[in-house]
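A, B, C, D and E are the chain letters, set down in written order, and residue numbers restart from 1 in every chain.
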Amino acid sequence: MSPLLLLILLPLAASLLIMIGANPRRTAIVAALLNLVLSVLLFARYDLHAGGWQFLSEWHVLPNLGINLSLGADGLSMTMLLLSTLVTLSALWVAPKIEKREGLYYVCLLFISAGVIGAFSTLDVLFLYSFHELALIPTFILIGVWGSGDRQAAAWKATIYLGGASFVLLIGIISLYLSLPSGMRTFDLRQLDHLALSGTFHPASWIYLLLLVGFGTLVSLFPFHSWAPPAYACAPTPAAMLHSGVLKKFGLYGLIRICLPLFPEAIQQFNALLVLMLIGNILYIGYVTVAQKRLDWTIGYSSVMHMGYIFLGLASLTVMGINGAALLMFAHGLSVAAAFALCGEIRRRTGTLDYSELGGLGKVTPVLGLLFGFAAMASVGLPGFANFAGEILVFFGATVSSIYGPLMVVAIIIGVWGVVVSAIYMLRAYRHIFWGPIAQRWESLTDIAPTAKWSVILLLVPLMIAGFYPQIILNMVGTILPR
Amino acid sequence: MNTTSLEFAVVGLGILLLLAEAFIDRTNKDYLAYLGAAGLAIILVLSFLPLQGPATGSPDSAFLTSDILSVFFTRFLLVSTIVVLLMTPGYKPVLARYLPAEKEGAGVGEFTILPLFVCAGLMWMVSAIDFIMIFVALELATITLYVLSTYLRQNMASLEAGTKFLILGALSTGFFVYGITWIFGVTGTTNIVSLPQSISLLPESSTLPLLFGVALILVALSFKIGAFPFQFWVPDVYQGAPTPVTAYLSVASKAAGFVVLLRLLVALETVPVLAHKLYAVVTLLAGVTLIFGNLAAIPQTNMKRLLGYSSVAHAGYLLMGVASLGSLMAIPAIGLYFAAYLVMTLLSFVVLMVVAEATGGEEISRFNGLSQRSPLLAGAMLLAMASLAGIPFTAGFVGKFLIFEVALKQGHFGLVAIGCITVAAGFYYYFKVARAMYWQQATEETPIPVSMTIKLLIALLGAGILALGIYPGPVLAALR
Amino acid sequence: MNVSTIAWITLSAPILAAALILLVTRKSKPLAAGLAILSALITCAGGWILFSRGATGDFLGFNWVDLGASFQIPIGIALDPLSRTMLVIVTTIAPLVFIYSIGYMKDEEGYWRYFAGLALFLFSMLGIVLANNLVMMFIFWELVGVSSYILIGHYFRKDSAADAAKQAFLVNRIGDFGFMLGILLFWISTGTFSFSALNSSAGVFVQHPALLGVACVLIFCGTVGKSAQFPLHVWLPNSMEGPTPVSSLLHAATMVAAGVYLLARIFPILSASPGACEVVAWTGAITALGAGILATQQDDIKGILAYSTISQLGYMVTGAGLAVSAALPMFHLFTHAFFKCLLFLTAGSVILGMHHEQNIWKMGGLLKKMPVTFITYCCGMLALSGCPFFSGHYSKDLIMACSWEHHRGIFWVVVIAAGLTPFYMTRQAMVVFFGKARTEHSEHAHESPLVMIIPLILLAIPAVCAGYAPVEHFFFHEIGSLAEPEVPSFVPTIFMAAFLAGLGLAFLIYRNVEKDPVRIPFLAQRFYIDDLYFWIVRVIQGGFARLCSFIDRWFIDGILVQGSATFIWTIGFALRFLQLGNIQAYAFFFGAGVIGLIYLILNVR
Amino acid sequence: MPTLANYLLASGILFAVGLGGVMLRRSIIIIFMSLEIMLNAANLALIAFSRYGLVSGHQVFDAQILVFFIITVAAAEVAVGLAIIVSLYRARQTTHVEDLDTLKF
Amino acid sequence: MLLSAFWFFATLTIAFGISVILLRNPVSCAMSLAMCFISLAALFITLDATLIGIMQILVYAGAVMVLFLFIIMLLDLRTEKSRRLNFGTTLGGVLVIAAFLSMLTQIVLSNPQFAQTIPTLALPTPDNVKMIGMTLFHSYALPFEAIGVLLLSATVGVIVLSRRTLR
């Protein structure tokens, strides 16, 4: 059995066991732990010198349509798989005690996990898409049943928006497939890359636009972002972690995987558009974030804003920029998951995330405050966390490509300014929640529980390792790019 | 083995069961359903033996054919009839409530047996290549379905549905017949296969009358498949008719209509003047049907009515495939879509029947909290809804994927754009059911009892959804 | 041990200490302090060894980022005269402040947090000093920022401290915005960010002097933020909310000087751009003058020192902008480090003696109660004021002379600032130590414990001597020439006159006064710059943010997203009413449909 | 001699009359009668086409067979239809289409 | 001769057809319908479709009409109450009919083939029944069998629907 298939099947098997009646929490965590161990092993076993796709396996589904369930991983997928398993374990671990329908809760989470793992480990574009969609219904249920705030509206919006967008994406994928000469049609990434390299394959540039809109919406590219903040704000903690930390990266992964190699000209052609949109992400969303009055919305919008940096890296079309973008994907996944985990912990204690009601919690929950400080600083892009390395690389990449036009220069300036903006809202959040005088009613709060603490540390440690020595990730990611 | 014998076997089975019903004195008529299902299952197995069409030159060969389409849809019809038959024992309580019965079980037997005649009619219809045969087979099926729709004689909804179906159905029959008349008058033939050749010999002046006839036939077929603006009967009849009949109408009867449409278009494709116009019209029909079906479904609150609109919506997707017949993959795509449609629609009707019986109503709000009352039913319904909405790894996704693939291949960009909007709308109204089942609280907590037969049906149909969604290869191979 | 190993140990000892304090010794006060001090002592030893060995070289640690030959970000140590001298300054002052902190922080909560922060700061500062390239310096630059944030916000439950910490971080970030752009601009122009390569790359810019100017000014933005130059100076006075040793170490002696060190680091390339130098020099001069003026009207003992620090940093920056030699600003940095550290520590001693009272108008007559503090304070105060035979005199004099030589306009500005320094320092000394006790606290003030006194005495020595020629030669002969330029003899006289005028005037005004006889609200309110910034942040930025938020909620989400959903829903809602339920209506629609379809099929082409 | 067009127009008018009856009358029985008129209009056209034999040039009997089938089907349809109308009447005491409007929207 | 027969019966057929949809009393309607069918049968005979013409009279004017009348009597249907005429519906219906007829006329008149008069018969009339019989039971055996099933099914259906109580 292929190790990657095992990686996909473990969460599914666990959810099956839960449906049959196994202890939900224990089963889920064991499966996630096994998955993490497995993915770390695979990460370590990946042969950097050989590069390329490894751990390959293939099952025929519709061979004459060129659809096969082929699994395989290169450095980028390995990185994303590691991210997925890390966040999955952390999310399951940090999940609070569920009173009603505990099984369904964990089944939904495991399905999301299986979906993202599948998406990151398949070589077939159609399965890439399909696995991602596996998360749609579980998210709908999770937000609707266990969410907070205006959860129903948020769940509806996210579901319809993402459903519609991914259908646009599907249309794009089919168009891409159809633009291959008949007889050579395939969904296999390897063959697509090969055809593109050999110059026999020139998909029309409007297909790129479809893919950009489709993938872009999943990543909350401005102006297709408005589903994300309410969904994250209202989702139960583990769902928000998985969704913003991992699932969202799928869109970026798709852009790197599919669009970069196949649409070299179209990307150039529409780069100005992309740059304009990402400026919207950084500057406009940045300031929207500044105006937020609740922590969950702040983090939700901040995760939208940070996508702008990853897009900047992609738009730079340079080795540095794309490396930076990939590193940032990994880093942002971990940091935003940690932030949401802690956000959930705060909410569980206080029942509110309104800045005007909170304050001074640092005194009664020092460890929570410390960990949140780490997460906030990571999000701000402080050196020592991988986010910083990613951003730096993105800036260097963008600088290289800035010789092509003044728009990129504007984007860089705004991007660097965005670092200031992100500091504004993150420090504001920290200031309002943990610092300042403490209100009487918060005096008796308890500090973070060990499970939550360790699940956040589980996210922060790799983040710092990658921050101190980003080359670990860059070496892996670099296998998809020419040096 | 000859194909026609399959239909006669079904008719024979029906007559046999009628006799049994008449002479065996049992109040519990469940055995009829099981016998019928078993008989059909045997016929289904037989259909996998090497089949031959009627021998060339024999009189039957002018009426029936045995091609991939007919074989596939014969099996399709058999499967859907089996499912519907197995649903009937679960529907007994409703029949008992609305039939003026002298003793227990009266009327149940006929309700179980009549679908067999419909099945035979539809089987003839999918194999027919002559308008006369199509007409007769269509009427056999339709007239029996009038009876079945009105079956709950003391239920106003059922009566109203039956009357509407009867009048509008007869109206469409009128147009069908008139259309046949004109085609026959101009070309001198009623045979679809020989139609192109006859047309090629015609003088130019005959084009207009020919088009007139074809247009009227299209009207009748649009009525049958529920395409806008001939869909008006669909939501009303679906809502009012007995649930197993609705399921049957929405799956089997629609499929037969599509097969005829396909045969007609495939034949006329070789006629340049006609093909172009026909595709334009079908494309337009597909567009308006998609919009109407999906958008009007959004505000629905009655589950059966919602499924009615959804059936119109799916007719739109199927018409999209029909409009793309120029592609080699179109017919397999449509066939697969139908296979998917069968499992997902029937599954939702099965669950609907059980839930409606347990809660006493068919509104979506009756599903509130179903996931707590019966995780099995809720899970099955969720799966069906996911498939109807087109979530990957379900049959519905593969169907949509192939349909949109051929549509794009044929350059129907407008349809695809409409499709994007309607798919999003579809997410909304299908997920409304999921919301009721998972988000809402149930008014009562008691578990819903599910009989073994229903459990078996749910398991089979659910497995079918997943199997088609993950590994559609075999079905697709059967269509090539 | 070879030089490289010593250098790496020096650099990494504090971060290890910080990590250990965070992870292991949080519970134990002595262990936390001990670890921090141990690491400081190790760095001190390392610093002196490296200095005494005259170690020179570029030691690559590892490639932090390595994307092939074309792009690498190395983490490496550059040892040269400049970094060695700076290393010695930092590592000498740091242990003293660490030790002093034991006494000062004895009764405070968050002990471990404080020492971990100090250790982290020391690590970051050493990183800045030793960095061999701009990106590495930027990394540590940011870390310095965050450690400063942690330390200023030590009393995080006080609103003022929390706000001050946030402000310090953000203002620094604004400076770093320019710094980062400068790095990018230099890199894209020269293809390198290593200091050695950069400083010899002036040739690249021969064709594009403006580009070089812009790049240098952008880098200088980093200095403006970190060294609190106008207009980003606002955070430094507020940062006095932190514990006094922190103010002493970070916000007086070392961290704020990092900006000056950065200018010295890129001095060769900076001096190749006259335009950039002009900007730098003027910024420094304006800062020196403006902060000097503001210092005269502050009431907070630390506030006065904070503005004096800004003013002195202005001197240093001016020194750098005169493009004479990298040694010029460094020399003032060197002397300033000692006397300003000393001044802050004595201020801390006073504050502790006054039971955390910081308003000078509530003190008075402390001369007798805190004699050692007073004496050491005088050393620092006179050095700062530029009194002859005290260290500050020499470095200031040099800058003054050079500015006469190179830029008359700046000279006059600097002279006025030089006159203000003795004025406000004398004011402070008069009010705090002379006269009679104004409050209860000042009557019961007491001398500080030994652990605090000893660092004071130890620092007083260099505060006096650091400017003497042998010392200067010992530390600076390798960095660059510090020869006094040939200036007319009246130039030193003007300087002396300014000193005496300031001293005398303050003595006359503030002798035996109960409350401040001079009240100038415009100055007490800091030129209203803080209010202006507050207004900008609140109204302009806040307004923009709210506008964006409004657009996002009501236009993008409201009209575009929800609107289109509602639109579709409405169409659906309307369409369902076609389904009238009436057979005749259906028949009519059917008939109309037939007509339409026939018409279509007949007429479509 | 009447032309084919005469017959076709007559059949067309008859068909239109039937269609009009379906659209305009409210009694289900009459609507049903109108439907029968439509079928008979088709029969007339069929017989005419069969007699004139446009393609073959002589009388074609296939059309008459079709008419035969149509008459049979129509009879069955009438039987079932009237049975439905009777049950409707039994349950609602009405044969008016306006009264059938519970299923809508 | 034939022409005048055509005009006579065609006018009659259409007139009775129109009276079906105009008369208010159901019984009159049914009678008009019977007359309509009878004149239609005459038209069939002018077209040499004697058998069909006779069948038309037997099945339609005979059996079907009796059924209609029987039901009208059974249900005791009175004159349709003169409910307010829905002007919109009426106008719409008339428009649809007019459009249909205009299109039909256009189509019929556009084709010169339709202008031909009745060709002479190749075969003598008496063989008509035989020919139909041969065709029906030989070539059309399959649809004929299907019609049989249809009748069976319809019978069962009618029984189920109209029995007062089910056994």
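Assume contacts are C-beta pairs under 8 Å (C-beta built on N, C-alpha and C of every residue); 3 or more make two chains touch, one makes a residue touch a chain.
Keep in mind the model is a prediction, meaning the values are calculated, not measured.
**Q** Along the shortest chain of touching chains, how many steps lie between subunit A and subunit B?
**A** 1
**Q** So which chain is farthest from subunit D, going by the mean of the CA atoms in each chain?
**A** The most distant chain relative to subunit D turns out to be C.
**Q** Farthest chain from subunit B, comparing Cα centres?
**A** Centre of mass proxy via C-alpha means gives C as farthest from subunit B.
**Q** Going by the touch criterion at the top, tell me which pair is linked by more C-beta contacts: B-E or B-D.
**A** Counting C-beta pairs in contact, B-D comes out ahead.
**Q** Taking each chain's centre as the mean of its C-alpha atoms, which one lies nearest the mean of all protein C-alpha atoms here?
**A** Located nearest the centre of all protein C-alpha atoms is chain A.
**Q** Distance between subunit B and subunit D based on Cα centroids, please, to the nearest Å.
**A** Using C-alpha averages as centres, the distance is 26 Å.
**Q** Indicate the whole-number Å distance between the mean C-alpha point of subunit C and the mean C-alpha point of subunit E.
**A** One centre to the other, that is 102 Å.
**Q** At what distance in angstrom does the C-alpha mean of subunit E lie from that of subunit D?
**A** That pair's centroid distance is 6 Å.
**Q** Taking each chain's centre as its mean C-alpha position, how far apart are subunit B and subunit C in Å?
**A** 76
**Q** Touching two or more other chains, which residues of subunit A qualify?
**A** Answer for subunit A, listing residues that touch two or more other chains: 160.
**Q** Give the residues of subunit D that touch two or more other chains, as numbers and ranges in rising order.
**A** 8, 15, 18-19, 22-24, 26, 31-32, 48, 53-54, 62, 65, 69, 73, 76-77, 80, 83-85, 87, 97-98, 100, 102-104
**Q** Mind pulling the subunit C residues that touch 2 or more other chains?
**A** 576, 579, 581, 583-585, 587-588, 591-592, 594, 598, 602
**Q** Which pairs of chains touch each other in this structure?
**A** Chains touch in the following pairs: A-B, A-C, B-C, B-D, B-E, C-D, C-E, D-E.
**Q** Once bound in the complex, which stretches of subunit C touch subunit D?
**A** 576-577, 579-584, 587-588, 591
**Q** Provide the residue numbers of subunit A that touch subunit B in the complex, in ascending order.
**A** 19, 60-62, 100-101, 104, 126, 129-131, 133-134, 136-137, 140-141, 144-145, 152, 156, 159-160, 163-164, 167-168, 170-171, 174-175, 177-178
**Q** Which of the residues in subunit B end up touching subunit E in this complex?
**A** 4, 11, 15, 18, 59-60, 62-64, 99-103, 106-107, 110, 113-114, 117-118, 120-121, 124, 132-133, 136-137, 139-140, 143-144, 146-148, 150-151, 153, 203, 205-206, 208-209, 212
**Q** Residue numbers of subunit D touching subunit E in their complex, please.
**A** Result: residues 1-10, 12-21, 23-27, 29-30, 32-34, 36-37, 40, 43-44, 47-48, 50-54, 57-59, 61-62, 64-65, 67-69, 71-80, 82-87, 89, 95, 98 of subunit D touch subunit E.
**Q** Note which residues of subunit E are touching subunit C in the complex, please.
**A** 89, 92-93, 96-97, 99-100, 103
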